[in-house]
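There are structures below to look over.
Look at the two complexes coming up: subunit A is in both, with subunit B in one and subunit C in the other.
This part shows the complex of A and B:
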């Protein structure tokens, strides 16, 4: 089961919720997909057992075969190749690793080489024996998407995979959320929190992943997030009160459930509840995906 | 554009960006504070994923432009013979049952070029909009990215371009940019061509960790930067560590903002914290403002 912890706005408590959830069930895998600014390891303090460099492919030109015909530059949608009279420039930062240039080169003069984009570390969190996987994007690297895909590739089929997503609503967040069983959107009761929650809800509607909301840093009984969720029939899965002790613990890298061990039960219940709701959905999962395909086919015919 | 304006163009426009690495450390709060203090300023909200500055500045929209972020493939099922070449070659796993998942499609055109039946066409898509707005203290340029769209870096470039034109027309000396979190594509786009950065962080292990990463990125851009510590009193030891970190790198701490309940309260009222001038946070933001902008 893959549960993604996401949010439109940054700093609302994704990592707080994700690490606490991972620490609350015995068979969890924590996957840090906020690869631009990964923080999960600071809270979980895993013993790192393996560190691998992650690569993506970028084109390399064999100048002996190249006739400078310019076909590759013409086909590249990202302006990553510029062909001059007797020189060809490859702008790796612009490249999306689509493979068009190498495949369609009439002289077969382009091949692909591996370009490092970051690292992926695997380890174990003791004494809970939780599996830890965390990606870290290299400084200066543009796209987090291939690294997020790599990190997600380490999820375990029969375990509870807790995926800590990057903030925002753009391609990196979508990559983290896509194909998940459930998404928890963490937000805070401020106008910024509400505004960015709405954006995230829109994205999830398009991706088609079921979701619920966690309201963090709750100060009052009445708040604008609750009003929004209630009037839009969005489930509020949990509320975490504002608590200076929690804020201070967070600042030191201490997970919430280590300050308030009784909260483990709440997180465990939440996971069980999510699991149940997924199982009821999966009865019709086949029909749903078929229906989705049919629907999209109809849209195209229109 | 009116040619009279081009003659008057200010060529010494300085770009100042607020970045943080970690999200939620107070970029927009600081940007809104500076904007109110400046009284007459052009601001670019480059957090195009989740633009929030308009919630505080409450501007009026004057001009909206669609943003064509790129192309997406569409398969004509009537012409498709289901040979699967497109599915086999798509690196983004964007084609399922001969239907393109537009969220996964990066518009590379592999399917378009390889289809033997010419059943694939590439369509320009509107990936978002960027807006020009006016408010009582100047102009705001911001954007809305369509949900899940990529290429947010290119949209950031558009927002900055627009803001630059307005700032030059208005003969401003500088332009304020509210940056996105992270260190990826939109951040790089926000930093390009910028003269100075203000990095806002918080005294938490995450805040320091992410500060180190954004500072490394700023060094690649050879950009001078000053640090602001928000909610410094949440963890004095960590604040001391950030001071130490700044000292080691010869970076200036432009100010330390205390944790202040008024910040959230101001926000709930749709106001900037500096509109509560007696609040501790507002006082510090004014000091930072003096330090960073009045001396330049």
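This part shows the complex of A and C:
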């Protein structure tokens, strides 16, 4: 089961919620997909066992075969190639590694080479034995998407995968969220929190990932997020009260559930609730593909 | 007979200018990559071709594409307000001279260019832009 913790606005408590969830159930996998500024490791303190470099493909031109026909530059959706009379320029920073140029080159003069974009660390959080995977994007890299895809590749099928997504609603967030079973949108009861929540809700509606809302830093009885969710029939999965002790602990890298151990139960219940809702979604109103997958599984079981 | 519209190499002197409109009295567009139009002008006869810039709303790499566009028109020089670093690199590799900080109408710009008072840029004037990826 893949649960993504995302938010439109940054600094609302994605990592607080994600690390707490990972620490609240046995056999969880925590995947830090906020690769531009990863910080999950500060709270979980994993013992790192493996570190690998992550690459993406960029085109390289064999000038002996190239006829400078310009087909690659015409086809490139991202304007990464320029063909002059007797030379060809590759702007690697513009390249999205789609592979169109090498696929369609009539002379087969373009091949792909690996370009390092960052690293991925794997480890274990003791004593809970949570699996930790965290990506870290190299400085100056334009796109986090291939690295996020790599980190997500380490999720385990039969475990609870907690995916800590990058903030915002752009490509990186979409990459972290897509194909997930459920998405928790963490927000705060401020006008900015509401504004960016609406953006995130729109994105998830388009991608078709079921979601619920966690309201963090709740202070007053009147709460604009609650009003928005109620009038749009969006489920509020959890409310976390504003608490100075939690903020202080956060600043020292202490996870929320270590300050209030009784909160583990709330996070555990949240995960159980999500698991149940995923099952009902795919049985009833869920989209056809999910339903088909489930049906085929049942046939195998029978 | 000596053809006036050709220079000594027998090649037409063609210059690309970024412009806000499609005629010689239009103002020079201060941006290169996302300029409204490119006028390809034969500086001797003042005959020109105007191209509406298809890269004006490109997600990223507008400068690169615009550079490719004018290079394919066989120009020898480019007159514009500011040229970003990627387009600049393309022009340098292609051996095309770039004249930046050009203001006023296209006609005036060509007159100044012909007076040889301008000196080509050696470094890109604009800062690199972040593309949303």
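Criterion: the second predicted complex is superposed on the first by the 285 of 302 C-alpha atoms of A that agree within 3 Å, B and C clash if a C-alpha of one lies under 4 Å from a C-alpha of the other, contacts with A are read in each partner's own complex, and residues count from 1 in each chain.
Simple rule for what comes next: a contact is a pair of C-beta atoms (placed from the backbone, for glycine too) under 8 Å apart; a residue touches a chain by one contact, two chains touch by 3 or more.
Values in this document were obtained by computation on a predicted structure and should not be read as measured data.
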After lining up the shared chain so the two structures overlap, which partner does A:206 touch, if you call subunit B first and subunit C second: first, second, both or neither?
-> first
Given the touch rule stated above, what does A:51 touch, subunit B (first), subunit C (second), both, or neither?
-> neither
Determine, under the contact definition given at the top, whether A:142 touches first (subunit B), second (subunit C), both, or neither.
-> both
Kindly classify A:96 by the partners it touches after superposition: subunit B alone (first), subunit C alone (second), both, or neither?
-> both
When the two structures are overlaid on chain A, which partner does A:37 contact: first (subunit B), second (subunit C), both, or neither?
-> first
Check whether A:82 is in contact with subunit B, with subunit C, with both or with neither, and answer first, second, both or neither.
-> second
Given the touch rule stated above, what does A:73 touch, subunit B (first), subunit C (second), both, or neither?
-> second
So, does A:174 touch the first partner subunit B, the second partner subunit C, both, or neither?
-> first
Pick one for A:250: touches subunit B only (first), subunit C only (second), both, or neither.
-> first
Could you figure out whether subunit B or subunit C reaches more residues of subunit A?
-> B
What residues on subunit A does subunit C touch that subunit B touches too?
-> 78, 96, 142-143, 145, 170-171
Which residues, counting only subunit A, touch subunit C once they are in their complex?
-> 73, 78-80, 82-85, 87, 89, 91, 94, 96, 142-143, 145, 170-171
Complex contacts: residues of subunit B adjacent to subunit A = 21-25, 28, 48-50, 52, 55, 70-71, 74-77, 89, 91-92, 96-97, 99, 103-104, 106-110, 113-114, 145, 147-153, 180-188, 202-207, 209-210, 213, 216-217, 220, 234-235, 238, 264, 267-268, 270
As the complex stands, subunit A meets subunit B at residues 8-12, 15, 36-37, 39, 42-43, 75, 77-78, 96-100, 103-104, 137, 139-145, 166-174, 178, 190-192, 195-196, 199, 202-203, 205-207, 219, 247-248, 250-253, 293, 296-297, 300-301
Subunit C residues touching subunit A in their complex are 55, 58-62, 64-65, 67-68, 71, 86, 89-90, 93-94, 130-133
